Amino acid sequence: MSFFDLKGLLRPLTGLSQFGKNPHTKRMDVLGQDTADRYRGFHYNDLNACIGCGNCSTICMNEAIDMVELAAEFNISQDKGNSGLRPRVDYGRCCWCALCVDVCPTGSLNLTKEYDYVSPDANSFLWTPGVDNPYGKDQLSFTSSVETSLMNFERIPMRELEGTERVKSFAEVVLGYNEEEARAEASRCISCSLCTEVCPDHMHIPEYINAIAKGNDDDALRIIYDNNPLPEMCGKVCTRRCEDVCAIAVRGEAVAIRWLKRYATERAQTSDLIKEIVNPEIQEANGYKVGIIGAGPSGLTAAYYLALRGFDVTVFEAKRFGGGMTMYGIPKYRLPMDSLDKQIGYLQKIGVKINFNTRVGTDITFDEIYKKHDAVFIGIGFEKPWKLGVEGEDLENSIPAVEYLRMINNEEIFDVGKKVVVIGGGNVAIDGARVAARHNAEVTILYRRRVEDMPADWEEIEGAEDEGVHIHPQAIPVRIIADESGKKVKAIEYIEAEMVAEEGARPRPVPIEGSNKIIEVDTIIGAIGQEADYSFISEEYVNKIELNRGRIVTNDQQQTSDAKIFAGGDAVNRTADAISAIADGFRAVKGIEAMLLKTKK
Amino acid sequence: MGTTYSKEEILAQQLQTAFEHLITEVVRKDTVFAFATKEQVSSILLYAKEKLGYISFVHLSCVDWLESGEFELVYIIWSPETKINLFVKTRLDRENPSMENTDMIWRQINTYQREIREMFGVEFPGFVGEKEFILEDWEDAPPMRRDFDTLEYVNDTFFEREGREDKQDVRERIAKRSGEEIPDFAKKYSRE
Amino acid sequence: MREKSTTLYLGPQHPGITGNMMVKLQLEGDTIVKATTHVGYLHRAFEKLIERRNWMQSTTILCRFCVPEPDPPEAAFALAVEQIEGREVPERGKYLRSLVLELARIQSFMLWYAGQNGSAGLYTVGQWSVGDRNYVLDLFEELTGGRIYHMYIWPGGVRRDIPEGFEDKVLHTMDYIEKRIDDYDRMMFDSAIFQKRAQGVGIISKEKAMEWGVVGAPLRGCGIGHDVRKDNPYDAYDKLDFQMGIFDGGDVWARAKVRQFEIRQSISMVRQIIQNLPKGDYLNKMPNPMKWTIPAGSAYGKVESVRGEFGFHVVSDGSDKPRRVHARGPAYAHGISLLEDILVGENLADVSFIMNSLGVCPPEIER
Amino acid sequence: MYNDKNAQTIVDYIQNFTRKNSLFMLAYGTGCGAIELPATLTSRYDAERLGVRGAATPRQADLLLITGYLSTKTLKRVIRVYEQMQDPKYVIGFGSCTINGGMYWDSYNTIKLLDKYIPVDVYINGCMPRPESVISGFQELKRLIAAGKADGAKKYKENLEWYRENQKKVLKNWPLVEYNW
């Protein structure tokens, strides 16, 4: 290279060719107005769609997101399934990674195109999305959809018997998760704990699910037994209101809380194993005696926790087996017999005494129980079915569903014939129908309202339909027609109804004139509700216990108007499910403990 | 024709022939681990460099296994011919950790050793390098050790902006609202 | 005549230094006789912080390892995690990753144009290339939602699919940039000033290069052809057609030629990716990030960043948080031991020039 | 207006006008945010049209940009640089890190609250701030200067003791140089 490199000196002058071209420079007035459609700017939170699960706050590695209570003027819902808290973002911490958006189960938290904020005040960078930038609603940019979200919205499918297989026997329909499936399903949970509030028993759901996710099934079982002594039963048949409020359920399928509980409990195959794993701490006997009437869920729960706390507990049960309605009211394809036996066996191993075949009022008087014990818990449930209130109801082959189920579960024989009509739309009706279907009957369900109004679980309804049960909605029975002998049922007449919207109430079925139809049947199963039977309590006590429309009135510790008598289960609460009964039993334990141990001091 | 060995297996065999009691593991494609004793490391590195063609030094990393009371030094070397990453791993006692100086084999090891000495407190007797590398006037425990709690240090040393004290925990709030009592043994499974 | 001996501290506050670091120079006249680097001004203790973050959260902090090119760290970490976990990446995810990595390479090359020329006093190219770099960043913004920090590459694939009409925008931008780099080259490589400054300066010996841990463009500028994309292909690189730029000399000039060659290769690769982009999933989704655990094991994931091999040594103990994530950046070897060696005998005025050509990036050295 | 003690005199007005329109910022990339400065200063965003341009040494600079996190090691240099700067001088804090620690909130080596160590006149939101944000930061600073409210340097002089105390808490073994103001 020569010292004087002419080409090398002149070539850069070609840069002058840019002279006069349009500049790249943006005018000041358009600067900052054109961010991309996916730009990650400030957060915007739809305050009404947000449920306050706090997942954004958990994923934030900068601890930039706090969950705070907003002022009353924002009308933040404080319902169950909504924590009432909303995220607040510290922009002195945020790094705009948008993981909070990708883990938001509801999709309420999004980022906007807005990013420009300067201030001399360092304390002004604490924003509550949606409150401080209401205009952000129209500038949403980085959002999450079900596809892009990091949440897993699809439940791990539960393996089941085929519908046509099922009707052949009473084998359990649901097969349960195996370990791999359970871990995968448990890891879908975001541990927000919104579910615990709707659970009548307030089970520690996020904790035991997390224990399963981490592979510690034993810990999970221990956590479950903390306030539920019949978890396997719950794991199979619970009405699981928890899953309705699951944060994942807002945009997807709820975490299978019930099936996970079932998985955890099924790890312990025998009652000895349960005892070994749960290994509860049993306190020294304190000398108090508690009598419990009815070995249903509420009674057994009370018995278990009282026994753990050192009380001397005796349970009086009229029937051959314990479990109450869960034993006699639930078909065996949902809750096998040995499952309940195992759980009750465990309770007995802990020291609960159960006197079976002892009906209070006949085998032993209420008075005796009352006098012998320091406290009495009544968990008698609703055994007496409601009448249909139509002509011909008392004919042979017209049977209440609870009675029918009790007979079947008690291994008694009741021939339903070829054609069966079930009246009602609750779980009992569906159970009755499905059991009848297992006896090779052609089953029709008549229900006053629409299918979507049925109080039964949708899974149950679907299961019934899979098994060939025909559901006839908007049909009101008018009368039952007897055959020539006048003793047996021959047919049922019903009238079709239309739904009339009513203000402030759910739509009401109104019969359509002249739409009466008659179908021939062999058996009619009525399932429109039950009530309690207090005839065993002698009059002097009945008068002391306050009743309201057939239900015993209690305070929040299940204490009745007689301080020594506590009550729980269907006879007290309206929800009529096992988990509420368990919760009643659990609360009663605290009440009894407070009453007896306080008086001692 | 006998069984054909993959290039990773051949390397593992070569190392095992050259060094007695050396445990090797073919982990995956292009990755071979050799678990060596502290004394073996420099001879393995030299052997691999001179005889096997692992001329490129990639990385020296230290892992703190607090639970078992050990530091693990990982030397990663790479051969342009086989394209295999060879991990030479060795464990040091966590009390007074010291390791032979190997910066005459590869010059960059000097930098790594300075870092590891500063961050973990592992001594490399006999090597020349300024004491301070990344930190300045550091008086606390070597910060990359797992028992050094950075958050605690931050809370002691630095300030935090005020105004966020009203934050609430969702779990606690729900439990309080519903009257749920979470037993202590379950709390470790609650959300952090 | 004996020259006066001086000690000079170059940095940390110095416009010519690449980033925030310091080189202590021992000078005879203006010839360097000894250079000592001082780093640690940008130490943020990433590796400590990652011990406190779970796997998902780690992905967002990792891109801060190296500011001029935040994507290679993301990709290297993703590769390491995938190796330990055995997670497969869908084909489309692989291509999108390569797309992002190549776009990142292009924008980083354009920043290098500015730095290399700026340190030689040729500011025009810098004005052009940094200005044009915004068009690449616009593509990133469109694709990932961020200009500099993308947090786009996740173990298992990429975070989002490409938006509608993105392919055309990419091709259009590539056409524009391809045209523009000819302008830069005329201003840079044809300029007598640059030629005189670059040729024969900052020579790395070919014999010692591999041993000294030289990687990337400086290594290929010594005439040794190694590139992680060719040696241990990752993502979609085994399906793309490209060449390594190999030039002899080992000086700043050769390294500049390598980059001049490779930016064109990158543009061609981006076009190939857009043309051959397969259909299908882009992410093999991980489980709930809060409960995502990785089986125990360790791996070294490496990618070719603009400045050379960038790798992560990732150790998992089977929990939801990484046990150890240790980065190996090209600057770790280039910026300390190599720099100290090759600065000896150079002119004081060339320090920043040489540092730019090596791609010394302090945030990556001290992390 | 004449009764308002805070009202600017005509001299103040002219002084602030000239100051705000020629801001020389110190070319010191202390953290990640520095990567957007080349973009801010070059053709698309062109901050120079606002009168902002680089200066190589602290003595010549008016404006110190703290571009993100500050490690304790850099803090030492930054304090020194800041004290070397001549009046008028202003500080802009970039991004989350300067406000409340940002993503390095639990790092043992970075300071969290910049305003505890040196006075900050304007904070820019972002991680990292886009060039547009940086420009709005400049604009905001200019507005403050015009209004006579960018008085960080004055605050620093008045509360030197307090700043020194905070600085010493982080910086050990460093005899802080006392400059004559």
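By written order: A, B, C and D. Residues from 1 in each chain.
FYI, a contact is a pair of C-beta atoms (placed from the backbone, for glycine too) under 8 Å apart; a residue touches a chain by one contact, two chains touch by 3 or more.
Worth saying up front: this structure is predicted, and the values here are computed from it rather than measured.
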Greatest separation from chain D - chain, by CA centre: A
Distance from the mean Cα position of chain C to that of chain A, given in whole angstrom: 53
Centroid distance [mean C-alpha coordinates] between chain C and chain B, Å: 24
Where chain A and chain B are represented by their mean Cα positions, the distance between them in whole Å: 47
Averaged-CA centre spacing for the pair chain D and chain A, given as whole angstrom: 57
Residues of chain A touching at least two other chains: 24, 58, 61, 90, 92, 95-96, 122, 190-191, 210, 214
In chain B, residues with contacts to at least two other chains: 135-136, 143, 148, 150-151, 161, 191
Chain C residues counted as touching two or more neighbouring chains: 40, 43, 45, 48-49, 52, 60-61, 128, 131, 134, 149, 290
Graph class of chain-chain contacts, one of line, ring, star, complete, other: complete
Interfacial residue positions of chain D with respect to chain C in the complex: 26-32, 34-36, 38-39, 42-44, 54, 56, 58, 69, 71, 73-74, 77, 81, 103-104, 106-110, 127-128, 130
Of all residues in chain A, those that touch chain C in their complex: 1, 5, 7-9, 11-12, 14-15, 18, 24, 35-40, 55, 58-59, 61, 95-99, 102-103, 111, 141-142, 148, 150-152, 184, 186-191, 210, 213-214
Chain B residues within the chain A interface of the complex: 161-164, 166-171, 173-175, 177-180, 182-183, 185-187, 189-192
Complex contact set, residues of chain A against chain D: 23-26, 28, 31-32, 61-64, 90-96, 115-122, 125
Residue numbers on chain B that touch chain C, as the complex places them: 27-28, 30-31, 55-59, 61-64, 74, 76, 80, 83, 85, 87, 106-108, 110-111, 130, 132-136, 143-144, 146, 148, 150-151, 191
